[in-house]
Amino acid sequence: MTDSPVQVPGTLLTLRRAGAYHTMTLVAPGVAERFRPGQFVALAVGGEQSSMLLRRCFFVREVKPDYGGTIEIVFSVRGKGTGWLAALRPRDIIDVAGPLGRPFPLPRDPVTCVLLGVAHASAALFPLAAVLRQRDCRPCFLLGGAGSDDVLGARGARRAGDSVAVATRDGSLGSAGQVEDLLPELIETAGADVVYACGPLDTLRTVTRIAAGYGIPAQVAVEEPMACGTGVCMACALPVVGDDGATHMVRTCVEGPVFRGERVRWDDVGTIPFDALGAPRALRLGERP
Amino acid sequence: MTDSPVQVPGTLLTLRRAGAYHTMTLVAPGVAERFRPGQFVALAVGGEQSSMLLRRCFFVREVKPDYGGTIEIVFSVRGKGTGWLAALRPRDIIDVAGPLGRPFPLPRDPVTCVLLGVAHASAALFPLAAVLRQRDCRPCFLLGGAGSDDVLGARGARRAGDSVAVATRDGSLGSAGQVEDLLPELIETAGADVVYACGPLDTLRTVTRIAAGYGIPAQVAVEEPMACGTGVCMACALPVVGDDGATHMVRTCVEGPVFRGERVRWDDVGTIPFDALGAPRALRLGERP
Amino acid sequence: MSVDLRARLGHAVLPNPIMTAAGCGGAGRELGRFFDVAKLGAFVTPSIAPEPRAGRPAPRLAETPSGVLNSTGLQGPGIDVFLTRDLPWLDQQGARAVVSIAGNSIEDYAEVAARLADAPGVTAVEINTACPNVGDRGLMFAAHPMAAAEVVRAVRAHTRRGVPVLAKLSADVTDVVGVAMACADAGADGLSMINTLHGMVVDTTTLRPRLAGVTGGLSGPAIRPVAVRCVYQVHAALPEVPIVGMGGVRTGLDALELVLAGASAVAVGTANIHDPSASVRILRELETALRERGIARLADAVGLAHKPAGTLIRRIDPNVGVGEPTEQETLQ
Amino acid sequence: MSVDLRARLGHAVLPNPIMTAAGCGGAGRELGRFFDVAKLGAFVTPSIAPEPRAGRPAPRLAETPSGVLNSTGLQGPGIDVFLTRDLPWLDQQGARAVVSIAGNSIEDYAEVAARLADAPGVTAVEINTACPNVGDRGLMFAAHPMAAAEVVRAVRAHTRRGVPVLAKLSADVTDVVGVAMACADAGADGLSMINTLHGMVVDTTTLRPRLAGVTGGLSGPAIRPVAVRCVYQVHAALPEVPIVGMGGVRTGLDALELVLAGASAVAVGTANIHDPSASVRILRELETALRERGIARLADAVGLAHKPAGTLIRRIDPNVGVGEPTEQETLQ
């Protein structure tokens, strides 16, 4: 296993549509064997003469050794790039860079883990659950979404997890409300030692707060808008407190996507906190710029 | 039959490769019924987010009433746009504008016609031959190309024409040399009354000269680089002598592609002749610009 | 909900904001074969010079990534033929003609403007200030605020009161706002922007410039961000001067983008080359886009990107269509 | 045929002409995971300021047709951390570092240049003149020939003789040749061009500017024709000044296009975002392209588009590969 990602022409093996999601399997030799849960891949979209220059990033839901290594991603159509992906057909070639980013840190001991995911971001939790199982950990799933269509992999979670609970905002599946509302009770009943979470910022912030309340760590995978996925463009800067206690604008794609929840300055996402390293002096000292 | 073109989403029916050529049949209702020989279609390439904004123009080799009207084009891959077309698959949608341009004028009487074509441009001659036949004219084909691979439709011409002769520059099919070298003899032996031609500028210039030598008209379809095909962009200007005796820079896509050969100022193609209407005064009067 | 699409450019009120861009829609007849040109807010003519012009030699156009480079040399019939052949045709169709004028000296512009003054069917005059000024070593008038202003003054002086004069600006300048201000001060009733960017393509096969004219003008979606920036900057500086926005508009959302940046009307250029029905499609798409966003009057959207978030309009997810506005989404 | 790819920039001779563009290749390690950065002619660093900079708030990048709009605010570690962490890493890899420097005053630039003077492993210094000048209402230095020249003089004075100083120019000016001349006169050993074009995107969903920084810099293939034009114009005016061409290079043929226009070396920016292996691929493709055209030395191709057709080189049909030169194709 190496830390370096690869860039390979991936061959589309299968593309299935289920509800709001498209599930795509790609033969991407080198990516599968290097992959660790929580990492993602960055795909080029639009073909050779593409007018779309930014990469599209996706969590990997599953890797298999078949055909030299396959990866499975799950996505919904959001804009032009995902629209293009959804129209591909078997044998089409897609440029894949990956696996990218820091994976979820794994517990050394056989502990109980909550795996909380919202919508497509839940994809990142399934390979994690598999690895946790191998280490005799107990993964307990909490899955959420806007409606039943939006909850990803509830069935698979029943197989992969010790327990599964679902919440939807419209109440069409599981309990009605935010999935994080279920977290305190689960932490208590299951005696959870760590929370892994993946989903919108608001969810991750709440998860972090709840976990902190119980004195357990929250490892969260953040989905900041990305453009390269490889660390060269500075699109994905997030205010995060470093080991030195100072706030740094770090790149989510290289230093994340997984962060320890309490390190992320959730309330300042989308800003440059005045006390961040290198923040505009005008803000720090009240000088004129 | 109307003079106005239409713009329709064409559905790819079949795409076959034969030698250097790709033959594409499109369901393009409205185009087929309006089509007259010598006209062309302008296709948009690259899909919805295309980075390629210019249209690609192709002669129509055949129209059929099937499925509300189909058109067949024949092309070779030259650059990005034709590369994209060659990779399409059945049921793909291509935006088609057509039929465009002035068709070949047809003789009133049942005369003998030479139909001379080089490479892909020969495509324009086949629907012409069919119409000429209906009018009891005798179409005699002369087909040329760089090599045997490059000669389009020799087999079809044997069915559609009274006679077929072929010349290739490398001598791999028919006689060796330029196809226009065969023209004088054919005009004489067949007693041709008119020459229709389609191919590179040099060929058309020679054809025009030869036909003039025999005192018969040459109707030539010119393949100037085009960008819109519809007359809005002025890309395809060609110096042509008008009815008024003056040279005008005319748009090949609207006032052509078919011209009476002797009207085209072949030696001045790619320039603005100094005596053209509206030529820079500096050139006309020796003034400084 | 019906959307009030009327667009005001000085004294002229157009039924809708979509027009062709000068030189990208032919004389009218060409696009008229695909749709009724009277459906557009206005039809902008190619730039008309006093005399006929044969233009530049071929090749005149080159394809670039999401753009087009052109050097057509403003081929055109000259004002005489324009007045007897092209303008009457537009008038007969019921189209509102915006006549673009070209020249290589102040006198040229003044002459064309004077000839247009008595012609029926001129809705507005647009000055193409990107023409080379023979009096200034061939530098375009648009390059200098003073030169641009002088043209505007000359044309304004020869144009009837009720007919708005639009100055069309180039983005190839260090300070587009300065040029805009000079033109407005000189009497321009509105500003059109942007003209093409100065560009070039070298052919890697012939190893020579691709266009016979060596350099040319870059247009199309590639330049849209530059157009949006110029419109935004000029609208911020001169909020009361109407702007005809153009540059890379291909869809109704692209048109909306320019409107939000500050354009009162939007012209469609290169898209016509790619898609002869582009301008009517864009009009349809723009109307839908406004309706989906709950914007009842086009005029309410003009310059909205300058206002604080949440002003007037609900936020929507265009992939989903219009939902009921939630609390967060309404007026803040 | 082996191709001599060496590229000369003043005193520096690079083994090949392909480099990264400032701010588009990370600090080196990022691309180093995909290929050996020492393979490139040079590695250009992000623009380094005297102090650390946190950059602009997100969103910082937007996709545009064949382009990217960015407003990262030159986030960077500052010269101290750069000298202790990033520069040594590049040096260890055997990469040739071109250090881009940023500042908001002449003193800022001079300070960074002075700090670099004693650092080992600096192959060249590139001045990012597109930074806002706090002394001139935030106008970029690149906007005025005199301001740009002043920066060049300051940096040249603090840089060792053997280390070339490159002035990186913006195309957002009325007269790029004038700025280029002023920089060359002030002692620039070479010119890099072009920086991003000033642009903007409005989000049609939020109805607000897409970037937190409101406007940003447009890059990518969309702007290549503008880059080619600038390189061509400046090479015509200053044929003896080496140019690092950049703007929208995505393939080896794109790089060749800039070389033909007059660039002695070529930097790859946005393409790295799209394809992390872009720069080594482009190097490979450029070498093949030169070989196919029978060009034995890169230096022979520099500025070839300025020469009469047929000079030196045979014409080829790139779809077909190299044929025997025919009569018409050889020296004329």
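Which chain is which? They are A, B, C and D, in the order written, and residues in each are numbered from 1.
Convention: a contact is a pair of C-beta atoms (placed from the backbone, for glycine too) under 8 Å apart; a residue touches a chain by one contact, two chains touch by 3 or more.
Note that the structure is a prediction, hence the values are computed from the model and not measured.
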item: Apart from chain C, which chains still form joined groups through touching; value: one piece
item: For chain A paired with chain B, centre-to-centre distance based on mean C-alpha positions, whole Å; value: 56
item: Whole-Å gap between the CA centroids of chain A and chain D; value: 35
item: Whole-Å gap separating chain C and chain D, where each centre is the average of the chain's CA atoms; value: 33
item: Residues of chain C whose C-beta touches two or more other chains; value: 65-67, 220-221
item: Residues of chain B whose C-beta touches two or more other chains; value: 49-52
item: Overall pattern in which the protein chains touch one another (line/ring/star/complete/other); value: complete
item: Chain A-facing residues of chain C, complex; value: 65-66, 221, 319
item: Complex contact set, residues of chain B against chain D; value: 49, 51, 77-79
item: Chain D residues within the chain A interface of the complex; value: 23-26, 30-31, 33-34, 51-61, 63, 65-68, 70, 72, 75-76, 78, 134, 138, 212, 220-221, 270-277
item: Partner chain D, residues of chain C touching it in the complex; value: 64-67, 69, 143-144, 172-175, 197-202, 204-209, 215, 218, 220-226, 228-229, 232, 248, 250, 253, 256-257, 260-261, 289, 293, 301, 304-305, 309, 313, 315-318
item: Complex contact set, residues of chain B against chain A; value: 46, 48-52, 80, 84, 89
